[in-house]
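Shared chain: subunit A. Partners: subunit B in the first complex, subunit C in the second.
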Partner chain A sequence: MEEKIKIRISPFQLTVLIILFTTGTTILVTPAGMTAETKQDAWLSSIIGMFLCLGYAYFLYKCGIAMGSKTYIQYLEKVYGRIVGKIIGMLYVFFAFIGTSTLLSYFGFFTTTQILTDTPIEILNILLVLLIIFAVRAGLEVIARTGELLITWFFFLLFALVIFLLPELKLEKLTPVFEASFSDHTKAIFNFVSFAGFPLILFLMFYPKSLNQPRQAKWNILIGSFIGTFTVTVITLLCILVLGASITAKQLYPSYVLAKSVSLFEIIERIESIMASVWVISIFFKSTIYFYTCVLGLAQILKVKWYRPLVFPLGVLACIFSTIVYPNIVYMQKWDSTYWPPYALIMGLIIPLITLIIDKVQNHFRSNNQSKGM
Partner chain B sequence: MKNCIHFFMLFLLILLLSGCWNRREVNDLAIAVALGIDKNKDETYSVSVQILSPGEVASPQTGGGVGYETPVTTYTGNGRIIFEALRKLTQQLPNKIYLAHIRMIVIGESVAKEGIYKPLDFLSRDPEMRTDFYIIVSKGNSAKEILNVLTSHEKIPANKLFDSLESSSEAWAATGKVKLNDLIDDLISEGTQPILTAVKIVGDADAGKNTDNVLTTDPKASLSYDGMAAFSNNKLAGWLNTAESKGLNYIKGKVKNTIIVIEVNKEMAGIELVDAKTEIIPHFRNGEPSIDVKITGEANIADSNSQFDFMNEQVLLELEQKTSDDIKGKVSQALDKAQHDLKADVFGFGEQLHKADPKNWDKIKANWTDIFPNLPVNTTVNIKIRRAGTITDPFHNDLPKE
Partner chain C sequence: MLKAIGVLFIFLLIAFFQVPQLIKTKLFRELWIFSFLLFFVAIITILRINNLFLPNPLEIVAFALDPLIRLFLPN
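Here is the complex of A and B:
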């Protein structure tokens, strides 16, 4: 598979994918989680989280350099040996699989709660999963090009929302500033980074191998992460400025409620579908990338020639799993706030960090041995 | 051949994807424009819904207006919770109620006395509900009676209430526009208590139900706003009259435009306040809270029924002084009522102290209800009169002496 068909995306397309991936679920739910912890100071946690995400993106870039021409799965096998490498690889495939299912479920829950209240959730999940299967079968290049097309709309609609909300801003909702304690901030920032940062680890499944100019990627990754997290920060700030911290914290989907409060000259009103479409665009890309890396990772572990045959069965599995992954809304809240952050931390930071260190040590000894041998 | 199949599939998609699973046509909707919530004696809620009669609201040219219907119909259902009451109403109504176009929520006095939090949960939780309606409290009458009154000039009573609240809060300043999120914000805040505008029926409540009420130039019953309802710990603490409501709005900085009648030597002059600004400056002196309220603004002379020499600067200064005194009087009436009678911090002073000094506020917030009645509040008012309308001295000055 490696030699026959070369999948190549440009560094700019990588940036686009990172932006859409970062904003994905984050834009809809994190404002509530963060304001629940730090109240009106959530914007501050968000900004700190933004810089941590930047640092994390830089770490991923470094991982990419260390991996060289290998994919993450191959790299794990190289560092830990074949068996252990495959087991750890499977953990990542499962991570991506869980991610796909939870996102499908998110989409279903959101749509049935706010917009299509009588539609069976399975139908919505099936619709989205069909789209994802279609996209993943078409391949990364097609996904990336679709991203390039849709990101204009994404930012256009988001920008429109921000402009329409300007008259509703109440600056006094931000006061008193700096009230939240250090531990509150830590929790909120951890929550933020675990949604907007750590899942980016999955990009290593195809980056830097699938990039046509791997050396230029540094700024593209950093800028992608910056723009993505900045968007989330702006939305969080708007939620606080318009709705106030206590109302935001109580909402399941605060940014949707945010869009509900637009009332410009009594003409531009009730435009919450804008917010919904912005979010659907980003969740489509987030779940597609999750699913793509899941399939790609599994194909590499199983050493099958081409990943396409795996797409449909895995898609069906993900769809079925999506109906049970969150049995109810309470479980979803609990999972997101309690279990997901440490899970993402282990998968996103701890394992790759250990891998990187072991690899460096191995390289060190190897080169020492070589120099001794000479 | 393959193209044909693709083409066919595209058509199939159009058929399948264009419709909504749970679509509801406009003529299948019972569009609710106002909701009234009362409490019965047996602990159940009685929910009144004002439903549009589309045929009556449409203009006659487009085929509406058969003439045997009222523009709206009010249905009432009982239930232990709001949701139950609303769903029970399907037994009386031809269609399911559509809540997205609600403009006013009237909370009955009975509910206000019991506590307003409980019914608010449904309003905030239901996805069909939008949060851009205003909430008011009925005074003297039940919410049902309020919703039963037909109004002339504006056919839909809910719209009448909505527009009248907007215009009165802009030009008279003794009412307040409160939306759901503001109300909830005030309810859960430790340093502020909610207030809602009160509405009452002027005239005969029973007569208001009939279309006769709008077929006359002098309606027997009409709806009118009358001061405000102050809440304390979720329950109705008392009513503010018009003067106190104005005083409250001065403090909250919500006065956009209002009129002030002042008396000099038993002669009256009307002053139009056009641009008032309020600054609340919270202090902690040795941990003791105090509040300075600074009101500044501009005014015009709008009316006079006597012989003022407006072109005399001394008179103008006196008018300015009297205007400031009048505002100060209203403010102190509101303060007196809230601090000593209602013991409810409807001004949000606690929240201001919180914003200014979170650490000191933490120390006193537990005792805030005890501290508030004795909170020192200094008011300074400074109003400048700039213009005098389109004429100079009143005509009265040139009247022949009797």
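Here is the complex of A and C:
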């Protein structure tokens, strides 16, 4: 019954979703990981990573063209055959599921350590997961429109933060410039792209199919990725300029500490809740999109006509596993720095690239055979 | 025991709202998948509430990726 009503979002809404998805966890966490590698040169690796993300967004656009009117799961089934395609599709559902649970866990850890210190973490996870379940049950269009509504607030608050921080900037914290070695830069860039770039692969689950003008989406994807990564770059630069590289690298949530250091004429002080609200907005969208793609992917693998019955059970499952995936913050940092980048690389770049090449070769042979048969 | 009954009550409540919709629209395949999934999740929830062992999915990923990482980063 629901299938007949086509889900359509506009290219602008896609841009908004990509911006919010890219800034999601990245804005709060990656400045620390990057300054740990390249010290005060992290802004440079961030800028290089920005352009790599742009290239990756172009790659996604190319994938979208190759997929045509199919979704990603159907495309995998077409290229690899039914059974292998379904298995690889399950890997993506697993990827999205892990993303949902870890983001819930991120939210819980952040709120319990920084804001609501006496609240049990399970309660916070349940609150966010209820919100996500309602949003996903309402559908992609509702998520996209909510994004349109909140993105103005998102940028207004970020802009306010940047303005308030201007008096605190100390340019000498950038010196000595260009000190980091090539391998350090490679590590930092890899870290950046794996958080801000590769998870965008999940947009392929709905991107060309549920867009009302699929042909015009090229610049929307590129601009969305550019603005998202640019925001992260600005925050990284501010972290280095205000806090300095060594303090940034030691913090768990450096941009939150950044907001704490605002003190304007002794009137505007302690505005770190601004940063928290910015981050909660973006993490809500990031986890919603992860969860939406998880449910949608599972529904397509099982060939279910209506994805809504799957939302509640999977949501509860994600909430249960959000308390298991990261037993503590040390484990979270270790896993995120060692295993997440290669995992995201494999899921985000290597599998789609191989799929695309196999598809091109298949098409080539198919057209050759046809021309011989004529 | 009491917690497990509470969990079952919540899941029955979810089923109570979802199942009539599915029957009304004659989506019986979806009904089977939904029931199986709900049953599975209920078992996992009860295991979790009683603090019994549940595998960490991140450990599975780490186990699968370890040989690859050792291949490219020998130290």
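Structure notes:
By our rule, the second predicted complex is superposed on the first by the 371 of 374 C-alpha atoms of A that agree within 3 Å, B and C clash if a C-alpha of one lies under 4 Å from a C-alpha of the other, contacts with A are read in each partner's own complex, and residues count from 1 in each chain.
Criterion: a residue touches a chain if its C-beta (ideal position, glycine included) is under 8 Å from a C-beta of that chain, and two chains touch if they have at least 3 such contacts.
Computed from a prediction, not measured in an experiment: that's the story for all the values here.
When both complexes are overlaid on chain A, the residue A:Ser246 reaches subunit B alone and has no touch with subunit C. In the superposition on chain A, no contact is made by A:Tyr58 with either subunit B or subunit C. In the superposed model, A:Tyr339 makes contact with subunit C only, not with subunit B. Which of subunit B and subunit C touches more residues of subunit A: that partner is C.
Once chain A of one complex is fitted onto chain A of the other, the partner contacts of A:Trp306 are limited to subunit C, with no touch recorded for subunit B.
Residue contacts after overlaying the shared chain place A:Phe230 against neither subunit B nor subunit C.
By the touch criterion defined above, A:Ile320 lies against subunit C but remains apart from subunit B after alignment on the C-alpha atoms of chain A. In the superposition on chain A, none of the residues of subunit A is touched both by subunit B in one structure and by subunit C in the other.
Put simply, subunit C touches subunit A in their complex at residues 14, 18, 22, 25, 27, 29-31, 33-34, 37-38, 40-41, 44-45, 48, 54, 56-58, 61-62, 65, 68-69. Contacts from subunit B toward subunit A in the complex involve residues 20-22, 124, 127-128, 130-132, 181, 184-185, 188-189, 354-358. Against subunit B, in their complex, subunit A makes its touches with residues 113-120, 123, 172, 175-176, 179, 243-244, 246-247, 250, 257, 260-261, 263, 269-270. Remark: subunit A residues 1, 94, 97-98, 101-102, 302, 304-306, 309-310, 312-314, 316-317, 320-321, 323-327, 335, 338-339, 342-343, 346 touch subunit C in the complex.
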